[in-house]
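Shared chain: subunit A. Partners: subunit B in the first complex, subunit C in the second.
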Partner chain A sequence: MILMPNFGVVVAGPPRTVHLLNNSEQPATVFSILESGQKQVPLVSDPLFMDLMKKLASVYTGKQQTRMEAKGPRFEVADFLVKLGTVTMNQNFKGVLVEVEYRPCVVPAYCWELIREFMQGFLGTCAPAQAPVYLQNRMQEIYQPLDTIQQYLEQFREYRKAVTVR
Partner chain B sequence: MMAQPLSSAIDTAFKSNIVPDQEYLLQGSVLDKVVEVLLHRLRGLCDNVDSGPEPFQDHEMCFTIRTTPTPLNLRVRRALDHQEMPWQLRYIGQPEYGDKMRPTIIRSSIDIGCSATVVEFLTELGCRMEFEYIARGYMFRKGRMKITVSKVFKMNQNKSQESMEPLSESYLVELSVLAPRGQDAIAEDMRSFAEQLRPLVNLDKVDFKRLVHGPP
Partner chain C sequence: MAVEPLYNALSAIKTLRSNVAVAFESLGNGIRSDHGEDGKETKFLLELQDQLTVVNNNLRDVEQSIGNLQPPHNPFSLGNSGYLSHEYSHDRQALYSQLVLSYKWTDKVHEYCNLAHAQLSQNSLTRSYTNTASAKRRRVQTSSHNVPPHAVDKVITQIDRLLPEMSVSITRPFATNVVLHVSVGRVLRAIIAFKGLLIEWIIVKGFMESLDLWTESRFKVFRKVTENAHAAVMRFYMPPMPEVSVKSFMTWLHSFNTLFSDTCKGCGLHLRNAMPPTWREFRTLEPYHEECKP
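== the complex of A and B ==
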């Protein structure tokens, strides 16, 4: 569902990283997130942007690309969309991610409680009590596909740090 | 579910020559006082007869990034008259002029629709903005060909659109087609179309490097 080839970018100056992500829900869109220190710049674009990144090959280092993927079945339960993603990093199994989306609503604050209750129904105590950190500051804002990508990136980052399967 | 990852899907598309990444181009210019005559002629020749020519007003920023062996040029364009439209990021390769037999300039070109964060993205990536301008004019279509007649304005610091200062007393005329590799037949169509406009504007393979150094 989501791929993350990593590009380490080294031009003169501080190190920068570009993450390229793709979500099967938006198959013709590439999400790029550029990290430079504390600053983060997202870019939403056509898939040909991947080709442009290849042209920039001499800008970034030949650092080995870390490819992360969450892949698995997708269920529609009434208004909910549930995706169970098997997470792999360079083809090594890392764990399972559960994504739940409540589709009629676009403001997280109005449906978080509903989502939480729904998750408790099938995850029990594993369901998170709090909204994801990324969303906590954006509960009143209109939710966009980029917000899903940002949450996956956050999760992938945790997986990369983790030594064991979680 | 996706059959294959997007990156390899794009590679496949490039290999099977379906990505329109070649631009065939002819350029010319007309003086302000005769532009109406050219617009009138184009109105008659082109496809959009009923709807009339499509006006546009674009802001273009040109960025470069140091890459080896040659620096890369990237252009960002946005429509000032349609602010809700996606921005456009464009890579343009070195133009090939070919010999006299070749009717048009050919240059590789990748057009990417993107979000407005593109300027900040490129700046953080290490790109430097070289120049910017505003192009205002009309766009015509004739089959796959695109014809633009536009005037180039300097970008004002205060960015107010009323006090725009034109760069010259003429209009830039461009005839272009974006096509996949190897479709050279279209260049012949362009040559014959340019021939029909010949009395009004001379569309040719303009070599910028020669313009910089003056006529030989």
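== the complex of A and C ==
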């Protein structure tokens, strides 16, 4: 389950947005990503930080909070972890996300082909041919829980864009 | 060497010493009151003669039992315990009882080894050359488990230099024997326990997992690789050439550098039963799935 309550933050200068995210795989961790312009500042902290931000929420003015959630069953196939998430935005259904993780391997470049073959097995032609955009620049780096969060954020952003277009 | 004759000889010497002591004592005391008054000199002489005869007989026994002893073929090598004689006050060391204990212990080990050897030599799956040795005695008896530490270090650093994607670090947590931490690329880590140059134990784990000698990996793929590594240790086991054996094994382990990116030589795919090719052919190092291996 990925939760994303969204906070608009106004500091002196241009408005910035903080995304707070939770992943049920790491229940004792809160991921927060501060966006200011092109720059991103990620922060990994313990759950107290979430409480702190809730306290501060009344102080911050600006955009209303958007709560996005991907929730669904979790499967393990050998060392693969597959999660089917139903995406909701403020309780409205938006779509389905499929997360596939191959946990023994820590460098995405080593196992991308293997993951692709695995996804083709049950998604057929729906399986992506390319690695996610976020990962493409980081294929040789060691994968961390924050990378999963960043990919969810990337997907959630797509869903929200779809709303504004409509 | 048989212990029984040595025991007999020792007790013969004991008897001889005690009877010599008796003879000298009565000689030292001279004529006693219990010899009476009449012919006391003759009595005394007769008694002494008897005692000397006994001593004579004892001496003959000793000589006979010594004749039964076989001299050891080579001088006893006492190792470092030979230096014990340099210490004057033996009480200060308190080593004697410990030496006796360890002697008993090694003696027991020796006995068990003999039994085990008798059992194992009937087993056709033996990985040692014990039964061929009797047919064709080897000239050089190289030992693969009793190798000086610097020689082990040399072999390992040589291998380290040879295999580019592998890095090793040598630790010696248990005195002389090496426990090797190996990482292969950013794919896996392994911990290998050596006895001399003999690989005794290996655990393969993921690159980010913590290493110790007893817990296996969280991941199925590394548990399978560990299992195959045990098979490889046996396959490459070569007591006469321990360096070659270690080197072949490490080269084999190094080939797992491409564990996640290789496709199987048998079916051409990455996955079978959701597992990558975990088997490497021992000679060619070609990757195969567990189910596809030739």
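Basically, the second predicted complex is superposed on the first by the 157 of 166 C-alpha atoms of A that agree within 3 Å, B and C clash if a C-alpha of one lies under 4 Å from a C-alpha of the other, contacts with A are read in each partner's own complex, and residues count from 1 in each chain.
In this text, contacts are C-beta pairs under 8 Å (C-beta built on N, C-alpha and C of every residue); 3 or more make two chains touch, one makes a residue touch a chain.
These numbers were taken from a predicted model, which means no experiment stands behind them.
Student: Subunit B versus subunit C on the shared subunit A, clash or fit?
Tutor: By the criteria stated at the top, subunit C and subunit B fit after superposition, with no clash.
Student: Where does A:113 make contact in the superposed view: on subunit B (first), on subunit C (second), on both, or on neither?
Tutor: In the superposition, A:113 contacts subunit C only.
Student: Which holds for A:51: it touches subunit B only (first), subunit C only (second), both, or neither?
Tutor: first
Student: Where does A:19 make contact in the superposed view: on subunit B (first), on subunit C (second), on both, or on neither?
Tutor: Neither: A:19 stays clear of subunit B and subunit C.
Student: With the C-alpha centre of subunit A at the apex, what angle separates the C-alpha centres of subunit B and subunit C, reported to the nearest 10°?
Tutor: Once the structures are overlaid on A, subunit A sees subunit B and subunit C at 70 degrees.
Student: Between subunit B (first) and subunit C (second), which, if any, makes contact with A:34: first, second, both or neither?
Tutor: After superposing on A, A:34 lies in contact with subunit B but is clear of subunit C.
Student: Quick one: name whichever of subunit B and subunit C touches more residues of subunit A.
Tutor: Touching more residues of subunit A than the other partner does is B.
Student: So, A:42: does it touch subunit B (first), subunit C (second), both, or neither?
Tutor: A:42 sits against subunit B, while subunit C stays out of touch.
Student: Tell me which partner A:104 touches in the superposition: subunit B (first), subunit C (second), both or neither.
Tutor: Only subunit C; A:104 stays clear of subunit B.
Student: Just checking: does A:80 make contact with subunit B only, subunit C only, both, or neither of them? Give me first, second, both or neither.
Tutor: In the superposition, A:80 contacts subunit C only.
Student: For the superposed arrangement, tell me the lowest C-alpha distance between subunit B and subunit C in Å.
Tutor: Distance of closest C-alpha approach: 15 Å.
Student: Taking the touch rule as given, give the residues of subunit B at its contact with subunit A in the complex, in rising order.
Tutor: The touching residues are 1-2, 5-7, 9-10, 14, 19, 21, 65-68, 72, 74, 89, 91, 110-115, 117-118, 120-121, 124-126.
Student: Contact residues on subunit A for subunit C in the complex?
Tutor: Against subunit C, the touching part of subunit A is residues 77-80, 102-107, 110-111, 113-114, 117-118, 121, 142.
Student: Please name which positions on subunit C make contact with subunit A in the complex.
Tutor: Touch residues, subunit C against subunit A: 186-187, 206-208, 217-222, 258, 260-261, 269-271, 273-276.
Student: In the complex, go through subunit A and note every residue touching subunit B.
Tutor: Those residues of subunit A that touch subunit B are 1, 3, 5, 9, 11-13, 16, 18, 22, 24, 27, 30, 32, 34, 36, 39, 41-52, 55-59, 71, 74.
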